[in-house]
Every structure is written in C-alpha cells, then in structure tokens.
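Contents: one structure, followed by commentary.
Letters A, B and C mark the chains as written, and numbering starts fresh at 1 in each.
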C-alpha cells in the first residue's frame, strides 16, 4: 500500500509527541533504579532507593489507598442513587441539581480547599483528620461517578425494564436492585475506576487540606521533590506510577468495553 | 396446559388523560371488553391507543372522574404492581442481566414462590413456548422471534387476568411477523385470556382481533368486528384507514352521481352532494363500450395474486382496481368500470358528526 | 410520558444533596463572605483587579492558559486524526502511551519537566554535547508551558479522537466527489464537524490550566500563576480575604468559560487535575 509523504510526516510527528510523553517517565524510572543518576546506568541498578522510600513514606502509601477506597465507597452509596434520580426525572430541579453536582469540578481545587478550611477548619478533630481530605476527594470525584452511571442509564432503556419488572409485581426497591443496578454495571465500574484513579493522583485539593500527619502520596512526592535527592524522588515517583498503572489500564479497558457494548 | 379459566372483563368509564404539558391525549373513553375477548386498539401514531393500554395496565392513571374496572372490581387507583396483568412491551423489556429462565421466572420470584416450584413452572412454560433449549441463554444471544416468545412466556406465567400487548410484532421483519402473528393468535385462543392488543398494522388487527377499536386523535372512531370495520366503515377516517379505498364524490341527481368519466347509479344515493366509497376488489373492469363509467388505464402493477390497475378520468382521483392476476391492460387503454350497488359504501352522514 | 413508578425517588437524591450543601454550597458561601469581610470589604475585588501584582498574575495565567489550549488543540488535531484514521500494528499501544499521563498530578508533571529541562536534564545534556552549555528551560515560563502541554494533551487527545471516530466519513467522500482538495476537505468539512469537540475540550484545557497548582508549585519558577498567588496570600501573607477574593474570581472565570463552551457546543465538559 502506497503511503504518501503526509502520512509519514504525521507518523513522525505522532511519534515525536509520544516520545515527549514517554521519555521523561522512562528517565524517571531509570533514575529511581540506578545507583547514581549523575553517573548514569554505568553505576549499576539497585533497589535501595525504593527501599528507602518505602521506609520513609510507607504511611503515605497506606493513607492514599485508604482514602481512595473510602472515596469509592462513599461515591457508590451516594452517586449511584443520585444518577438514577437524575436519569428518571425530567423536571427542572433535576437539571439544576445535575449542574450543582458537577460544579466542584469546574472550580479550581485550591478554591474548594480554601472554602472547606474556612468553613470547617475550626471544627475540633476534623481539621487534623484524614476525613477532612476525604470530603475534598468525594467532592471532586463524585461528579465522575454520577456522570458515568448517568451515561449508561441514558443509553439503556431502563424505564421500560422497570415497567416490565413492575408489570410482574416488583416494587420500587426490588426493581432497583434486581433490574436497574445490574444493568448499570458498566457505568459503575467505569465510575469506580475513575474515582480510584483521581483520588490516588489528587494534589491541588489535598495539598491545602493535609497536615504532617495526613499526607498522601502526591503530597509526599511534593515534599520529596523539594528536599530529597533525585534518586529518591525518582524511586518514589516510580512507586506512584506502579500504583497508578493498573488503575489507568482499568480505566482504558472499561471505557472501550462501554463503547463496544453499545452495539 | 390451561393458564387461565378465562380472563377478567374490563370496563373503562369516562376515562380521559391529560399529560403534564397540558395535551389531551385521550378524550372521554367508554370501553367494555368481554372476558376472554381479544380487543385490538388500532390507529396511527399519536391516536391514543398506547395511552389507553397504559391506563388499563396501571402504568398511567386516568384523570379525575375516570374509572377502570376489572370484573367489577375498581382498579382505577391500583398501580401496575398490584393489578395482576401481564404485559408484553414493544421492545420486550427483557432483563439483560438475567438468563431466559430467570426472566420468565421473575414474576414468580416476586411472588415469593419456592425455588423448586418456580423451576418446574418455568420449565413447563418454556416447553410450551418451544424455548426449552434456550433456558440458560442470555438475552443478547436470542433472535427477535425468540425474544418475543420469552416476553410472552414471562407475561403469562403468572396467570394474569388480563394480557396487554404493545405492538409486540413491530420490531420484527415481515416474514417473521406473519409467522408469529399466527402463533400469537392460536396462543390467545388457547389460553382464553382477555387480551388488549395495540397495533398500527391493520392486517394484524384484522387477523387477531375479535373486535377492533379504531382510534384517531384520542377518540374512538369505530368499534366493531373486523368484517364490520372493513365492509361497513362508519366514517371517513375508518374508511380511509382500513385497506385501500376509492372515493367517488360528485353532485347527485335522480340517484345518479355525476362524475368526470360518466355516472354512478345507486338507489341509496340522496340528492345533493354525494360521496361513495368502494374497495378496489369490488370494482370490475369491463369493455368501455356501453359502460356507465369510463376511464383510461394510467398504470398497472402485477402483485402476484392480483393485478392492480390505476384508472384515470373516471373519478376526480385515480381509481384503484384490483383485477384478476392473469388480466392484461395497456397504459392508455380505455376501460369501463362497473360497481355493483351492494358493494358501494355509502356513509350515513348523521353517524359521521357523532 | 409520566410514569408513576417512582415514589421513594427523592430518597435517592438526599445523600448527594446533603453532601453538596454541607461541603460545597455552605463553604463556598462562606468563602464569598470572607472575601468581602476583610478590612477593605467589597473593595477587595477592586484591589484584586487593579493591583499590579495580582493583575500581572492574572494576565500571565490567562496568556499561559490560552497558549497552552491553542497549542494542545493543534497537536491533538494532527495526532488525533492520524491515529483515529489509520490502523497499523502498535496503534493502540501508541494511543495508550499518549493517554497514560492522564492521571498524573501536576507535581509529578513538574518533576518530569525537570527531568527534561532541568540542570541535569535531557536538554542540558544535549546542550553540553552541542555547544558546551547546559540548556535549561524547566524553571522559566517555557518549562511551565511544557508542563502544561504535557498534562493537557491526554485529555484533549481522547476527546478529539472519539469525535473523529464518530465523524461521518460520507461527508468527506461527498466533498471529495465534488472535487475538493485535501486541504479544502479539512477546512470545510472536518474542522466544522469537529468544532463542538474542539470547543469543549479546549474549554476544559483552559479551565484546567487556569486552576493548575501542582506544576507551578513543583517548578518553583519565578512566574506567579493565579493559584500560586492565592496560595502565597493565604499561607504566607495570611491575607485570607484577598486569597478568598482571588479564588472566587478564578472560579468564576473557569466556570464561565466552561458554561460558554457548553452552550456553544452542547458537549460534556469535565476538567481534571
């Protein structure tokens, strides 16, 4: 097949951009595994930086995981029913609520964090607790869960399915559990993966809300970048990428599954 | 297997339906359905047939003042979950997250029957509907015809007193539709259940219905048996909607209607402006010499079991005539048209304005 | 069709409403109150818009965001069209690599920029090889720009690619059958068809850039983008009222841009990072 010059130019450009995205990551991974960055790979590969990072920052890892899972649980309990309501109702209020729920995403995380501190910073025990960060994470990720489930609900005719179940005698909650939720699975999974991914990587909100005792991984990274040597920062970044990788793959996989299933 | 002794009788009294935006979808409706009868609601989109079905189902409620009774029990305010009806939806509404067997058994599960009993009843029903081999298939693996049968099985297994079908064959291709139409017909007869069937397809209506309710813009145009609807339409809408029909309109004098191509005689014609309907199969093409009504062949179309001929010039519109399949006509050929008086449909003007 | 199937439905909305009210509406309300509660009162806003320090920060952020948006759109258009239209071995791998950084927080992106353009970075090494001096760009506005492009490309690319996939090929074929050249087809058929997606993703890109904090924080450059200004006002300057006012202004700008884009293109807009 003959390919024109423009094809190769585009291919070249694409590869260039790809390199731009990938090379620094590879460099960082390499730096985290070499004995001495300035000497390069010739100084030998080692795991000691990773060990050091785990010794110094393991609490950030656990907190990040804890936060992500807690955010997910809240989003599932709160977001799925909310999406159901928004999909069922055609009233003006529903449209207003939909806008409202999505608003936290349109406003910079810094501003939201500031608002939270001003409103609840004085509440005894809350300011220094990880729950404070949880609130921020939920505010930021909930719209994605709602959106994902809403998208699936709009594409399946869940109204008719509900009528079918009702015609067979099923009451409201029966219908919700037997028919509506199982058929939103794709959206729920997609929303869940988004929630986990965004929570793990959240910085703007978390930086403002954190305390020395409640540091997440990204916050720890910022600390490391400022004060630690390059190899440790790189190793820490490597661990972060490793945490993020399965989530990213999951998001991409569930996204394509949703597209395919909509035949 | 006898699902039902017989179904319930249904009565609607003064039911209207106004939607949230103010549109009146249904004008005051009085309807009486006998137990075990198959009643077809027929009409074009937006005529109110689906709204009526949903009122009977309990998915919608009539405006204040309307009443719905099943066997003399007032169910007007009973929601569908409690009305014990079976419903087949246009898109079947089969649950994608359940297998065929689970779908069919869902109604029984809601009634909290024991698992063993559900299993045996579902098995029986699947056998009856010839779905036995598909019990554990998922819905998306089924063909259109199979889905339809699953939807039917699911609706009747709970022994409902009324079966409601909302254009169940619309989603299928023509050949499948014909075949399933016959299947549904025999199933409804066998079950003896009261069935309300909504469709916009008149062939379907006439094949399935004991009686047909022809609806137009939220009103009932005519209720009757298929033959009554076809041979004795009571107004312009029904005459026009059912089958092909020819209209002859013109001034009448001495029992003769003046038409561009000649005259039409009938003792039933009153003096003044007249209007007569006639079905294509009731018009005979004769030699033009000596014929009271003449015209020119405009077009012909061989359809296999008949030769459809369009004749120009006889009436104000093209006259459609169904002639014997073996007949032959040339375009431009002059022909005569003969209609026997007993086959002319003359509308009673008083009935029209009702 | 009104369906009377759902009565406990208001229960479904209750949790989310409680959360939104308690943790978003009320705090934002208090933020507004604080912003006008300082010693200057409502004049804080006037001060925010006229003081050279804040104004220059705002303008710098605007310029940076707009440039980032336009550049990213251009890149995404070329790459997105290429990848969506051509199938070749490794294509999906390329797509994955290009969109993988989607979830990287700004700080990490800043770190990666330092890897590329810091004093020991790639470009520094390159510079040493070529002319003996270290080419460092990470700590200037160029570094910031590179960082912003880095986290913008994945999101815009995904949107553009899915829009290209949805495009009706027949429109292009019709144009070509009428003699239109490749360039004409691009200008007359493709770009108009992609306009909603471009506007939507451009708006998100702009909003994200305006609100980006981590990258500037990591690069610690002399450039004061708005979020950094807000941060310093709050933590170092203890000027809560000013920080609040600047936050409100920033939030208003990003929200308006997204609203505008949505009304023009009618698409889904969700910024991130």
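Following the convention adopted for this analysis, contacts are C-beta pairs under 8 Å (C-beta built on N, C-alpha and C of every residue); 3 or more make two chains touch, one makes a residue touch a chain.
Not measured: the values here are computed from a predicted model.
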Inset, instruction - Please give the pair of chains with the highest number of C-beta contact pairs. - result: A-C
Inset, instruction - Specify the chain most distant from chain A by Cα centroid. - result: B
Legend entry - Computed distance of Cα centres, chain C from chain A, in Å: 16
Legend entry - Whole-Å separation of chain centres (CA-atom averages), chain A against chain B: 54
Inset, instruction - Please set out, as single numbers or ranges, the residues of chain B touching at least two other chains. - result: 59, 79-80
Inset, instruction - Spell out, as numbers or ranges, the residues of chain A touching 2 or more other chains. - result: 163, 166
Inset, instruction - At least two other chains touched by the same residue of chain C: list those residues. - result: 3, 5
Legend entry - Complex contact set, residues of chain C against chain A: 3, 5-13, 15-17, 19-20, 23-28, 30-31, 34, 75, 78-79, 81-83, 86, 94, 96-108, 110-116, 120, 122, 150, 153-154, 182, 207, 210-214, 217-218, 220, 227, 230-231, 234, 240, 243-244, 247-248, 250-251, 254-255, 258, 268-273
Legend entry - Of all residues in chain B, those that touch chain A in their complex: 57, 59, 79-82, 84-87, 89, 91, 93-97, 106-107, 110-111, 154-155, 158
Legend entry - Touching residues (chain side chain A, partner chain C) in the complex: 6-7, 10-11, 13-15, 17-18, 20-25, 27-28, 31, 37-38, 77-79, 81-82, 84-85, 88-89, 97, 100-112, 114-116, 118-120, 135, 138-139, 142-144, 146-147, 159, 162-163, 166, 172-173, 175, 197-198, 200-204, 207-208, 218, 221-222, 225-226, 230, 233, 237, 240, 244, 247-248, 251-252
Legend entry - Residues of chain A touching chain B in the complex: 156-157, 160-161, 163-171, 174, 178-179, 182-183, 185
